[in-house]
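Structures are listed in the sections that come next.
Two complexes follow with subunit A in common, the first pairing it with subunit B and the second with subunit C.
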Partner chain A sequence: MRRYIFRRLLTAVFIILIVVILNFTIIKTAPGDPARLMAGFDNPSEELIQSITEKYGFDQPFYIQIGRYFKSVIRGDLGDSYLYNQPVARLIADRIGPSLLLSGVSIILALIIGSLLGLYAGKNEGKLIDKIFSTISYFLNSMPSFWIGIMLILLLASHFKWLPTQGMVNVRANYTGFRRVLDIATHMILPVITLVSVQIPTYFRITKSAVMQVMAEDFITTLRVAGMKEGAIFRKYVFKNAVLPIINVFSINLAYVVAGSMLVEIVFSWPGIGVLMYRSIMMRDYNVLMGVYLLISVSVVIVTILMDLVNAALDPRIRYE
Partner chain B sequence: MLLDIRDLNIVYRMRNKAIYAVNNVNFSLEKGKSLGIIGESGSGKSTLAMAILKMHNLKNTEVTGQIIFEGRDLLALDEKQFKEYRWTRIAAVFQKSMNNLSPVHKIGTHFEDIYRVHEPDISSSEIRERVYALFHMVNLSPRVYTCYPHELSGGMLQRVSIALSLIFHPTLLIMDESTTALDVITQGQILEEIKELEKVVDVTRIMITHDLFVVATACQQILVLYAGDMMEYGDVRDVLNHPMHPYTKALIASFPSLRGEKREVHSIPGTLPDLSVKTRGCAFYDRCRAHREICRQEKPVVCQTGGLHTVCCHLYGKIRETDVKEGVNR
Partner chain C sequence: MFKKALCLWLILIVVLSTAACAPKGGDTKKTNDTNASGSDAQAPDSLKTFVTNLSADPTTFNPVFKADDDGHLIYQNVFDGLLELNFNSEVIPGLAETWEASEDGKTYTFHLAKGIKWHDGVAFSSDDVKYTYERIMTDHGFIGETLSHALESIECPDPDTVVLKLKEPDATLLGTLAWYEHFIIPKHIYEKEADWATAEAATVKPIGTGPFKFVSHKKGESITLEANDEYFKGRPLIDRLVYTIIPDANTATMAFRNGEIDLLCGVPTAEVPSMQSDPDIKIGVMSAARRYQLIFNMENEKVKEFAIRKAVALGIDRDEISVKGTHGLQKPAYGFYPPFLEWAYNKEADIGARDVSGARKFLEDAGFTEDANGNYLSLELDVFSGGTYADCAKVIQANLKDVGIDLKINVMEMAAWAEKIDSGNFEVAMLAGYQGPDPDAITKRIGTGQVMNWAKYSNKEVDNLLAEAKKLVGHDERGALYKKVQEILGKELPIIPIVEFANFYAARRDVSGVPYIDQVADVHDNSYAKVNIG
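== the complex of A and B ==
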């Protein structure tokens, strides 16, 4: 077990290394001159551009740039943002909380709701209730997340004025304590509904098909022939077998928990990593972009290892080899 | 008579069509005589087995006729009454593709759960003791009890399934394609072991298979099904040595012979007829080499040809009668 984790961690470091190199290469080779962007839009002088280029080392050979980047990353220094004039690590640290909150709540809600509906529909396959759920699932699946978000804002916030349209807190009120929690929760309702609706179909479909597949297995027939009650078979045998594919999909989704909701964050002006990433892409804020990508790849790798361990604990066929 | 099946018809009703899966099947099985039911995919073998196990969903399946087991018509029993039979008197082994056991549960869990269906108060140690005895009978080590299915070989899994089916000492055991997923050598071993086992345990076996070898080596009687219709029935030796029905003959010709001279293996041209159409004549008409006009017009009736051996074919019924009358020498 310990050896397994150690080996996995070693591979993880290697993967992150490759990701950093790839990111660096792709971003550096993308068209657009960052020095020109930083210098501003009103016909900057060539001297200014020159001095910026020299200050940030944009004219250095590639291997020196990447070497310098590695050195500082290891020291925990992700560089400064050209745009915000702040350390990238600070920028990320400020925004990771809201992002984790939003994505975390929605991914867990989607997992619970989607798989419960899937279990129910799989058990009652072909019946009216299954058809209703499946139709809704197809509808949700075909709608883009930002569109659902905009529609919800139009309907529930702009038209009925029930819920706030954007942000995480009411900036005018400055609540503290429980009222602050309540305030954040109110602001979360719409983005969470949006994120949950786009994720439900995934869990629904995978759960339903897993249940149907397990129900058709010979061991279920054997238990039925033996006279075991349908409910008991479902709770003990169908569920435990069907839960494995759900865990796998969950782990894939979980890997994107940090930045997977970029579009929805933008629609709701949620102060998270998504908005930060979007702005840095638009403004070619290289250091921020590389910082965010590093964060995403590290979290994907860590989550994958964690979920592999969970999987190994649940499925006897997987061993720590 | 242990099992007497009379005029069994099974129809799957779908929204806009019906599948006539089993038509007018009649046979009886004596205690201790093992029966092999043979036929190609879609011939109704498993449907027939599921009817004996009362596993059909009556909402979309019509089961008519009689399945008389130990003197009682199983079709007349409701689920509550039939529960007394489940696994205690009629048990089954399915293993079409090595998944007769849940991959995420220990072998022992299956035994405990099935024991507790009928004996809810039995203790775990008591179960364990009884299962060890069963394992001994099927040549398994007690260690298997705490294993997961993936830790065992195909043959061992098969032995586990057999042990599982024997926990309440049933009188009738249905094995549905249960050796199909095994390699020939393991299959042979298992079949030998089953025969040995039957000398100790008092159980009558029905084996469903599409493999003539399985029937030839491990069964005493044979029932040949085609498209849900009975073709031939009798003692294995009678039927295999002196097949009467053109389908049985063709089936035997499609298997290579191990002993005896080398000969070409012949497949049967054509496919099963559409099961959603109720045929007026013989189901095998289209593929039969010896068919006559009457075969298309009328369903052949069962002809007793001495002893247990029966065949459903006009060649031995109406055609012979007219031929004899007209002096035709066949």
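== the complex of A and C ==
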């Protein structure tokens, strides 16, 4: 087991190393002069651009620049944002909480609702309820998340005025304590519904097909013949076997918990990593982009390792060697 | 087992949500800070809070370091300039109450208002003005070059007086000092900082003299300011000013309609007609001194050819662009100066109405022949996303099809567009841009080697006329020279005006004192010092 974890960690470090090199190379070869960005638009003076170029070493050879970047990343310094002239790590740290909150709650809710619906539809395959769920699932699957978001705002916020249209808090009221918690929860409803809606179909389909597959196995028929009740068969055997594919899908979604909801964050003005990433792309704030990509890569690698271990623990067919 | 699992999940969600939602350490500190300063002594709900929108976090809180449109909206409420510009691009007093020029026009004396304090309680003085302008020049701030060219020395005979000595008479000085990013920064804060871009006052907490004090910045979420009780022009009428950050203009519009924000800056053009007819909403427009125009790259082999520029100028239908590209909200622009600069505007130099056959004749006379598709030539037009640029470009494309010009449109995000235009690798581009408060502003766009002369236009006569006009004082004399410049531009067409610029503001009916909506002329154009609710 230890050797297995060690090997996985070694691979992870290697992957992150490759990701950093690729990110740096792609971004540095993209057109655009970061010194001009840092100096601001509307033609700043050449002296200012020159002094920024020298300060940050943009005129140094590629290998020196990447070497410096590596050194600073190891120290936990992701460089300065070209746009904000502030440390990238600080910009990310300020926004990671809201992103984790939104994506985290959505992923868990989508897992619960999607797989429960999938279990139910799988159990009742071919019946009306299955057809209804499947139709809704296809419907949701075919809609882009930002569109669902806008429609929800129009209906529930603009028309009925039940919920706020955007943001994470009511900036006018400036609540504190438990009222703040309630305020955030209220502001989360629409973006969470949006994110959950687009994730449900995946869990629904995977669970339903897993259930149908297990239900068709010979041992289920044997259990039925032996007189075991349907409910007991479902709980003891079908559910247990359907869990593994659900966990796999969950792990893939979990890996994108940091920055997977960019469009929804923009539509709802959610103060998270997504909005930061969007602006960085628009304004070519490459240091911030490299920082966010690094964060995503690290989170994907960590979640993948964790899920491999969970899978290995749950599925006796997987061995550590 | 099912029920147990479900219960566990639900408990987990509730616990996670509550833990994540609880005020963070930083927030708690901020709350304590504000309590300590006494600003939150009342219950939050009883404070008169005015909420407006920003499209992004400001890139800096240093108001003189780099151009930042979002930041500018905040600077106007936190800082003051020596002079300021109102919504109508007129120069009004700022920190300087009065000023006078010497007879030779080379010395300006500014008398500062008395009793002004920085937000941290330190007294403001003429030293701060001297320090700011000198630092702008030495640290190459955005407007550093303009000041360096104009100023010979800055003197402070006493704490309430600033004397600016000029290298030569400059009729544009007052306009320049009142313009974008000439706010005065605190010497006692910035003199300790070697790098004014990364100073705490530039990244975390700005300190100004303006009508509102900075309270907090929650990144990506909001910026909160509170009324400055000791503001030298009188305390603002609202207690708290909150900028909520909404990147998407449509979401901002829905938030406004939902009552979450009181003032919507940047109403999407498509929403303007319905808001205009809504009795609960009042609308204002920022237009003065800005307009959409096409610029030709005068160093590009193709568009160097005058016939092409003339054919484009004659081929476009400004009325149609206005109606179809801007819902009729941006009026057609035929002349080279915006209408508010009446004394410098030469109507004779206007481009005139559409003339398709005239345009085709120009191309044929220049030797262009039609290809199998009926086109004489093709052109590329670069526009950036946002505003109504792309919509206007589509109408221009259809207009020019009639003339036999196949126009390809490249819509780019702002940074890519700016870089392409800056590098000179383009044929035709569309942009707006400020052309005020003084008609001399056009120098930056058409003067040889000037910073915003992306057309790379160069005409010695124009340069001389502009330089001469800057030194004169009277409107009649100066106006005559600017009119001559427009005449030349009309003949050479390095730029072609399309439609007036329009940025719409919307507020609820019970809000008053918003400069563009309520025509408040004695404050900076985006200052909310006179705003009131109810």
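Going forward, the second predicted complex is superposed on the first by the 321 of 321 C-alpha atoms of A that agree within 3 Å, B and C clash if a C-alpha of one lies under 4 Å from a C-alpha of the other, contacts with A are read in each partner's own complex, and residues count from 1 in each chain.
Everything below uses one rule, namely that contacts are C-beta pairs under 8 Å (C-beta built on N, C-alpha and C of every residue); 3 or more make two chains touch, one makes a residue touch a chain.
Note that the structure is predicted; figures quoted are calculated from it, not measured.
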Following the superposition defined at the top, how do subunit B and subunit C come out on subunit A, clash or fit?
fit
Which of the two partners, first being subunit B and second being subunit C, lies in contact with A:Arg317: first, second, both, or neither?
first
Name the contact category of A:Arg75: first (subunit B only), second (subunit C only), both, or neither.
neither
Touched partner set for A:Ala226, first subunit B, second subunit C, both or neither:
first
From the overlay on chain A, compute the angle at subunit A's CA centre subtended by subunit B and subunit C, rounding to the nearest 10 degrees.
150
Give one of first, second, both or neither to describe whether A:Ile112 is in contact with subunit B, with subunit C, with both, or with none.
second
Who does A:Asn241 touch here: subunit B (first), subunit C (second), both, or neither?
first
Scan A:Arg3 for contacts with subunit B and subunit C and give back first, second, both or neither.
neither
Which chain, subunit B or subunit C, ends up touching more residues of subunit A in the combined arrangement?
C
After superposition on the shared chain, which partner residues are touched by A:Leu37: those of subunit B (first), subunit C (second), both, or neither?
second
Subunit B to subunit C: minimum CA distance in the overlay, Å?
17
Would you pull the subunit C residues touching subunit A in the complex into a rising list?
1-2, 6, 9, 12-13, 16-18, 20-24, 31, 44-45, 49, 51, 56-57, 59-60, 65-68, 139-140, 142, 144-145, 197-198, 202-203, 218-222, 224, 242, 244-248, 250-252, 254-255, 257-260, 413-416, 418-419, 422, 451-452
In the complex formed with subunit C, which residues of subunit A make contact?
31-33, 36-45, 47-48, 51, 80, 83-86, 91, 94-95, 97-98, 100-101, 104-105, 108-109, 112, 116, 150, 153-154, 157-158, 161, 164-177, 180-181, 184-185, 235, 239, 266-272, 275-276, 278-279, 281-284
Residues of subunit B touching subunit A in the complex
53, 55, 83, 86-87, 91-97, 99-106, 110, 113-114, 117-118, 148, 150, 161, 164
Subunit B touches which residues of subunit A in the complex?
217-219, 221-229, 232, 236-237, 240-241, 244, 314-317
